[in-house]
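In the two assemblies presented below, subunit A is common to both, partnered first by subunit B and then by subunit C.
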Partner chain A sequence: MQVFVQLLITGIAMGFIYALVGIEYTLIWNATGLLNFSHDKFILFGAYMFAGTYVLGLGLPPVLAILFAVLTMFLFGIVSAFVIFNPLSKLSTNLFAVIGTVILGRIMIESVRLIWGPLPFTLDNFLRGSIHFGSVVVSKAHLVIIVVCSLITAGLQVFFKTTKTGKAMRCVSENKTAASLMGINVPMNIAFTIGLSAIVCATIGILVIPIFNVELQMSSMIGLKGFASGVIGGFGYLPGAIVGGILLGVVEIFGSMLIPSVYKDCLSFVLLIIFLLVRPSGILGNKR
Partner chain B sequence: MLKVNGIDVYYGKVQALFDVSIEVGDREIVSIIGANGAGKTTLMKSIMGINKPKNGTIEYNGQVISGLPPHKVVSKKIVYIPEGREIFPNMTVQENLEMGAYSVKLSKAEMERHLEEQYEIFPRLKERAKQKAGSMSGGEQQMLAIARGLMSDPELLMLDEPSLGLAPVIVDDMFDVIVRVNKVRNIPIAIVEQNAFMAMSISDRTYVLEVGNLVTHGESKTLMDSDEIKKAYLGG
Partner chain C sequence: MKVNKTSALIAVAAIALAAILPMFISNNYHLNLMIQVLINIIIVVGLNFITGLTGQMNLGTAGIFSMGAYTSSLLATRLGINPWICLIAAVGMGFLIGMGLGYPSLRVSGVYLALTTIGFSEIVRILMTNLTGLTGGALGVTGIPPFSILGHKFQTNKEIYYLYLVIAIILIFNAYRIVNSKWGRAFLAVKDNPDAVEAGGINIASIKILAFTLAAVYATVAGSLYAHYVGFINPSAYNLEYSINYVVMLVIGGIGSVPGNVLGAILVTLVPELLRFMENYYWLVFSIITLLFVIFLPNGMVSLFKGKKREEKAGKGAQANGR
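Presenting the complex of A and B:
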């Protein structure tokens, strides 16, 4: 029983990470109609910025380091909106913008290698250890992931439902011409959305440091699986990304009990293919 | 007071407007009529900053507004209710209305008052306030688009084919609302219409567009009596 609970918690924690990845790229998709092919590099960048620069480089306490990392990534998101997303999405075909984000990703990963070096490292005291609930042992990292991700997903819902900027973002994703006729500064609003997405990316990067360490490949797998979870839950629909992510996390962890763990990573993609064949609109796809 | 001075507008290499000039005076209703593809919507969008004129200028209250992005034009209190409704389908009716007031700062109480005002003009919208806008009928969506446009207390209102897709009874109501807005709020209105008879009968002056060129303009009353206009736009 306690093994079951422990596995479930681990699965849900990973699921929340996938959900956040789903949310992070869905935000940009909804605002611009573009897939951000550099989204896993945004995650990577956030993690390196936090661990490499603010914690190890400048010796800031974690809370302050998190704040700075999130802020830096927000600004990075805004700048990349004005340099890449906004201008390229105006061109006659989306192909330019797609290539643009791919190249941005290459530039980012090479910069990481240049700035922080190719060797993996980790933070020894950051979210390490475990907590006992009776006989159930839960790692601190997983617990924090669940709490933080729940707060972020709930916070985003409130943001989109109640704030003026959040509502304006929904308008922009539904109809850009109409949004501009309401007086919304559409390019600025899109930049803000991309900044928000970059904040989510940074948070993901920071949260997974205790699980994957800080290294160049730390975000590639969660990037792919997060993408899968968005499709499984219902493409372009935020609650879908959450449902899809958690489903994926749980299926994956229990699946790895039944099959050799080297195939664990395949599981999500098998699930993705099944959904694409049987229910391409995703679990919540028709609920809009 | 709006002045469009000889604008040329292109879509890529194709020219859609040729040296078009119009004026909308302080309290008047002006109608712009013309066949499909004449360039009426293009003219409206150029005023709003969605299309950029290649030559010519647009002035509002003495300031040049051509070249400004749409949100800046909206901040001058010019409101355009676009052709084809363009509502936000996945937002509720009330949220759509609230977004109409995006460009003005309203307190909670003022927002309530603005909403009530619209619900009074369009009681149907009140019944549907919490419903998703996309699930309403075409006519109801058109009412929503107009109500949403009025939310920001415009000082110049431009409507693009407000009667499109509405039942004849509703069309009458719609034009009543437009005339009332003009009288009660004392604001100028520019109205683009296929329904030339209706538009001309409520307007002070009319401009006639043909394939991107302004061919005639004048008092609506006078034009309605002209044989050419009768033949081309009023069906006899």
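Presenting the complex of A and C:
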């Protein structure tokens, strides 16, 4: 029983990570119609910015470092919106957009390698250790992931439902022409969305540091699985990304009890293909 | 088929150049690069059918290529079958993959298809790394024999270059004929307006599967050629980055045009080598150059040569549409 609970918590924690990845690219997808194939590099960038520059480089306390990392990533998101995403979304087919974001990712990973070096490193005292609830042992990192991710998802829902900027962002994703007729500055709004997405990416990057260490390949698998979770839950629909992510995390952790754990990574792609063939709209995708 | 004189001349000149060039090259590494260019050309020309003409985003090239390479090399090393028969087996594998990947493309398209093909490619990579008994796992397959004709083994880089050059020219010519045939026009029409294609009495399903099969066969053939050339393969290189490289070649050269594909494959394989003098920065500089290309020259290098004609046509079309 306690093994079951421990596995469940680990699964939910990973699921929340996938869910956040799903949210982060769904934001950009809804705002620009582009799939951000460089999103895993955004996550990587956030993690390196936090661990490499602000904590190890400048020696800031974690709270301040998180604040600065998130702020830097927000600015980076806005700049990349004007330099990359806006020109790309004007091109005729989405093929160019795919290539454009992919190459942006390449440029980012090369910059990371040049700035912070190719060797992996980690933060020793950051979210380490475990907490005991009776006989159940939960690692601190997983607990923090669950708490922070729930706060972010709830916060985003409130932001989209109640604030003026959030409503404008939903409007832009519904219909750009109508939005600009209603006096919404569409390019500015898109830039803000991408900045927001970059913030979520930075958060993911910081949260997974205790699990994966800081290295160049740390985010490529969660990036791909995030795509899978979005499709499973319902593509382009935020609650869908959350449901799909958590489902994927839990299925993965219990699946690895049934099949050899080296095939664990296969599971999410098999699920992805099954869903695409049988129910492309996903679990919650009955909106479309 | 109408071939205008200048393009025929350019083709002949290019083939002559490709045939003469190795005579002046003694550096083995340079020859190795040229063989790599030939293999890449075959893949990109194949990818052109599905991604360039039919407009279906295929990001699973790595998976297809490695399936071809593994089919061929496992048959050759485990069962001792002649490499040429292994090559035919790789073609058969290409057919199977093309059918298998073509079927989802009937139901899903655009970004969904890109994700399906990525999923396929990742599954292939994970299986090849972990099915240690069959594939040798992360260590890969070693001792793959080279091709031979009448007992003569193609072992030096120069011999292999000429053999592969002949194969590549046949495949490129074949692709050129297909692009300019009824099939090629049907592929293009599926990209431009699927509804009109269906109304015109063309079966979209079979056209898409055909395009996928052609692309897969070209990639598996390239995989087989690669395996029998280097004599050693392992699964670690065949990730998403690898697949993307081929789409970059397609975009840089020119989508939909066979000469453009050839040009793209040559440029994307060789330019990073020319930039090597920048040492640590060469890949960064190359990535920035490609990004600028995608944003400012989305139709590729070929649009520089025949840009005016195309623009005029496009302008007329846009006027006719009342835009």
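One rule holds for everything that comes next: the second predicted complex is superposed on the first by the 286 of 288 C-alpha atoms of A that agree within 3 Å, B and C clash if a C-alpha of one lies under 4 Å from a C-alpha of the other, contacts with A are read in each partner's own complex, and residues count from 1 in each chain.
Convention: a residue touches a chain if its C-beta (ideal position, glycine included) is under 8 Å from a C-beta of that chain, and two chains touch if they have at least 3 such contacts.
Given the structure is predicted, the values throughout are model-derived calculations rather than measurements.
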Greater subunit A contact set [subunit C / subunit B]: C
Contacts of A:129 with subunit B and subunit C, given as first, second, both or neither: neither
Subunit B versus subunit C as contact partner of A:61, first or second or both or neither: neither
Touching partner for A:276 - first (subunit B), second (subunit C), both, neither: second
Partner chain(s) touched by A:104 [first = subunit B, second = subunit C, both, neither]: second
Touching partner for A:180 - first (subunit B), second (subunit C), both, neither: first
First (subunit B), second (subunit C), both or neither touched by A:114: second
Subunit A-touching residues of subunit C, taken from the complex the two chains share: 51, 55, 57, 59, 104, 107-108, 110-112, 114-116, 118-120, 122-123, 126-127, 129-130, 239-241, 244, 247-248, 251, 255, 280-281, 283-284, 287-288, 290-291, 294-295, 298
Interfacial residue positions of subunit A with respect to subunit C in the complex: 35, 84, 87-88, 91-96, 98-100, 102-104, 106-107, 110-111, 114, 220, 224, 227-228, 231, 235, 260, 262-263, 265-266, 269-270, 272-273, 276-277, 280
Subunit B contact footprint on subunit A (complex, rising order): 164, 167-168, 170-171, 174-175, 177-178, 180-186, 288
Contact footprint of subunit A on subunit B as seen in their complex: 48, 50, 69-71, 74-75, 79-80, 82, 86-91, 95, 98-100, 102-103, 148, 152
